[in-house]
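Handing you this structure, nothing more for now.
A, B, C and D are the chain letters, set down in written order, and residue numbers restart from 1 in every chain.
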Amino acid sequence: MDPLSEKLIDIAAAAALVRRGDTMLVGGFGLVGKPLALVEALLTNPEATQLTVVSNNLGEPGEGLGRLLLEGRIAKAIGSFFTSNPDVVAAHGRGELEVELTPQGTLAEAIRAGGAGIAAFYTRTGAGTKLAEGRETRSFGGLEHLLWPAIRGNVALIRARAADTYGNLVYEKTARNFNPDMATAADVVVAQVDEIVPVGSLDPEAIVTPHLLVDRLVLA
Amino acid sequence: MSDVQRQIAERVARLLQPGEIVNLGIGIPTLVADLLTAADGVHLETENGLLGVGPAPDADRIDASLVNAGKRPVTALPGSSYFSSSESFGLIRGGHVTTAVLGALQVDACGRVANWALAGKPILGVGGAMDLLVGAQRVIVATTHTAKSGAPKIVSECSCPLSSDRPVDVVVTEAATFTLDDRGLTLVEVAADFDYAWVRAHTEAAFGSAEEAQL
Amino acid sequence: MSDVQRQIAERVARLLQPGEIVNLGIGIPTLVADLLTAADGVHLETENGLLGVGPAPDADRIDASLVNAGKRPVTALPGSSYFSSSESFGLIRGGHVTTAVLGALQVDACGRVANWALAGKPILGVGGAMDLLVGAQRVIVATTHTAKSGAPKIVSECSCPLSSDRPVDVVVTEAATFTLDDRGLTLVEVAADFDYAWVRAHTEAAFGSAEEAQL
Amino acid sequence: MDPLSEKLIDIAAAAALVRRGDTMLVGGFGLVGKPLALVEALLTNPEATQLTVVSNNLGEPGEGLGRLLLEGRIAKAIGSFFTSNPDVVAAHGRGELEVELTPQGTLAEAIRAGGAGIAAFYTRTGAGTKLAEGRETRSFGGLEHLLWPAIRGNVALIRARAADTYGNLVYEKTARNFNPDMATAADVVVAQVDEIVPVGSLDPEAIVTPHLLVDRLVLA
């Protein structure tokens, strides 16, 4: 059996994996390492709506997740920095978009926890700030910590530089960012890759995301 | 390996599907590796940090840096990858291992397993069994039907300390295969050299039977 | 960069020691990078996943996959390494960054900083500032002494939401450098073009002075 | 300044970094990836005693940590599997060695937490077992979880295949195991390496332990 025959799908099939009301993890930091082809393909799937999107940012105006937002597909955003896209600020102001602001490190840790079977964790980050409001706190070593629950998605859309035909992934410089964490934390993980290489051609010491985490590959 | 061990390992191997990510515990489960070929399409993972475990190397090709969870020399297949202990157990606890095959001292009527400590002895070793028991999507117990003393290992209540509150999914012995669900143990297969009466007599725990349901 | 910004960045650069791992926030802190040379022996880290940040590339050598936390193109120096977001913030929260240089909207008399949100506005961005504030071994605030309106930024109590309950260690403006300890702010340096009276008049928070102690 | 001149020390200087009563993290799984030269050098430092050792195992009889144990240097062991060394079982039986048994994955996660600024976390592992006794529990998703605190050491002794002169590390196959986690979680991290290569000769995408985590290098 050629493992690739199972994992490699076309972009329309990938877009069809997202369903109404899904929580969707989307990799990238700004547009760097963002699976833009996958995100924009969702526009062709009318069921990709009422989404909760977990992503550091919500794209740029009219690009990537910013386009989905303008089409009214996103009900809620969980991330760390939305002010760089004025459309997010506006949609939130009109009450059309719920926003859950999470410090960047806590966002990454919560996603990792979701993928690693950790239900919740205590972090110093955010203690004593407005982001602590309504959150459970506890003192460790005399310092206040916040309890933060894990984050998981129904689907994760990630981007990598290359995959082998098993689905092992390597990334490109700072385009790595949230992608390896999100690869662990969703029921269905779809990776947009620039290149697919034969099994055995990636250095086993340098594979960042092992193939057991990757359900589908899209070459784009 | 003894005939009994081989029979158990063979029955377990038949339960594995192509594409599965499988962790094999120490003891009988390890024997399953020798029964798998590339054509089976099963990927073996070992919790000390390798996905893509291959067969044991020839004596002159042993690599001291390449071992399985039982600290035995192994090889790494094309497409394998290495990871740290926290990454490895993140994969395990996070549900990314399809099937764990584990040995057992005892299994109770609910399918909970005791496989790390003897009753009343100091407890000085646990390893990764508890992580596999909570994390693997499916847990198969591979064990002899009875202890060396002849005592049943599938019991009403474990006298040895439990390894997890999570019931396993399948119990495979040389004599029988049981599955588990909310109602407890169900006998789904009796091996050729055994019969229902033998299984009944050597199993302390109550169990239902697919066969009975048909009677 | 303006003269004032350059003055602040230069004062910050002088505080960095060889061998330090330094994270530079967006705004004035970023300017510090341009003032450092290999001879300074400072390693720059950026929280989006790179240790070993080099200078901005020429326009024809921009790599779209190589940016800093401000999403500006950078280069990577020999000996650099890349990591995921969870690894990167593990390094930050875990105390492995020697110094974070951060901008500020306000700093209070205890040294607590507000640098992420304006008073009374919807809060839609936080980024990594809160993680750096709890995790870096030393935090240096680099800020103009007053807001554009002329209002002091070093205040008795912040009107903007705090970014952390942890006081920073040093506050550097174009006019002065303050350190912080349990007693609060201490003025340790006044810049050449300014004097104590100017600093006093443009700083709302109470502060002690190393100079006063000598009088 | 040559960074190597600061980090590279001889093995006696490394052994002298361990002090009476220290908590010491020691990498390796059995003897694989164990910094054996560093461990055995501790025998020459009489202050390396009354130690709490955090390590998956305590060596083999008379080898590695097993030797330290026989010399009475270890007061307490935190790890997952001690039954493979009968000397540990005997020392514990005589009341000379305190043992804190931790599931292997929880051990790795607690060390990672210690290095990543996570004070404590909730895990399913061990729920409903004897290892849950005396531990705080909490239900998430209807399933009992254990609260586990982070682990940190005064010193970590780790082993890697190669370092560059900055102290970036790469490992060798399954000798990686606990070493990268322990590199994050101690005040002083000492790496025993087989080889030191010039800065720039390790692939930046394949460095596992970045140099900011490594305080001292020993070539052995």
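Worth pointing out:
One rule holds for everything that comes next: contacts are C-beta pairs under 8 Å (C-beta built on N, C-alpha and C of every residue); 3 or more make two chains touch, one makes a residue touch a chain.
Quick caveat, the model's predicted, so the values are computed rather than measured.
Between the chain pairs A-B and B-D, more C-beta pairs are in contact across B-D. Seen from the Cα centre of chain C, the chain whose own Cα centre is farthest off is B. Separation between the centroids of chain C and chain D, computed from CA atoms only, is 34 Å.
As a whole-number value, the distance joining the C-alpha centres of chain A and chain C reads 29 Å.
Residues of chain A in contact with two or more other chains: 109, 112, 116-118, 123-125, 171, 173, 204-205, 208.
Those residues of chain C in touch with two or more other chains are numbered 76, 82-83, 89-90, 92-93, 134-135. Chain-to-chain contact here is organised irregularly, matching neither a line nor a ring nor a star, and falling short of all pairs touching. If you check each pair of chains against the touch rule, the ones that pass are A-B, A-C, A-D, B-D, C-D. Residues of chain B touching chain A in their complex: 18-19, 21, 41, 43, 45, 51-52, 76, 78-83, 89-97, 134-135. Interface residues of chain A facing chain D in the complex, by the touch rule stated above, are 109, 113, 116-125, 140-141, 145, 149, 170-171, 173, 203-206, 208. Interface of chain D with chain C (complex): residues 1, 3, 6, 112, 114-118, 164, 166, 168, 184-185, 199-200, 204-205, 207, 210-213.
Listing the residues of chain D that touch chain B in their complex gives 29-30, 32-33, 56, 80-84, 88-89, 92-93, 99, 101-109, 111-112, 123-131, 144, 171-181, 208. Those residues of chain B that touch chain D in the shared complex are 46-50, 63-67, 71, 76, 82-86, 88-90, 92-93, 117, 122-131, 134-135, 161-166.
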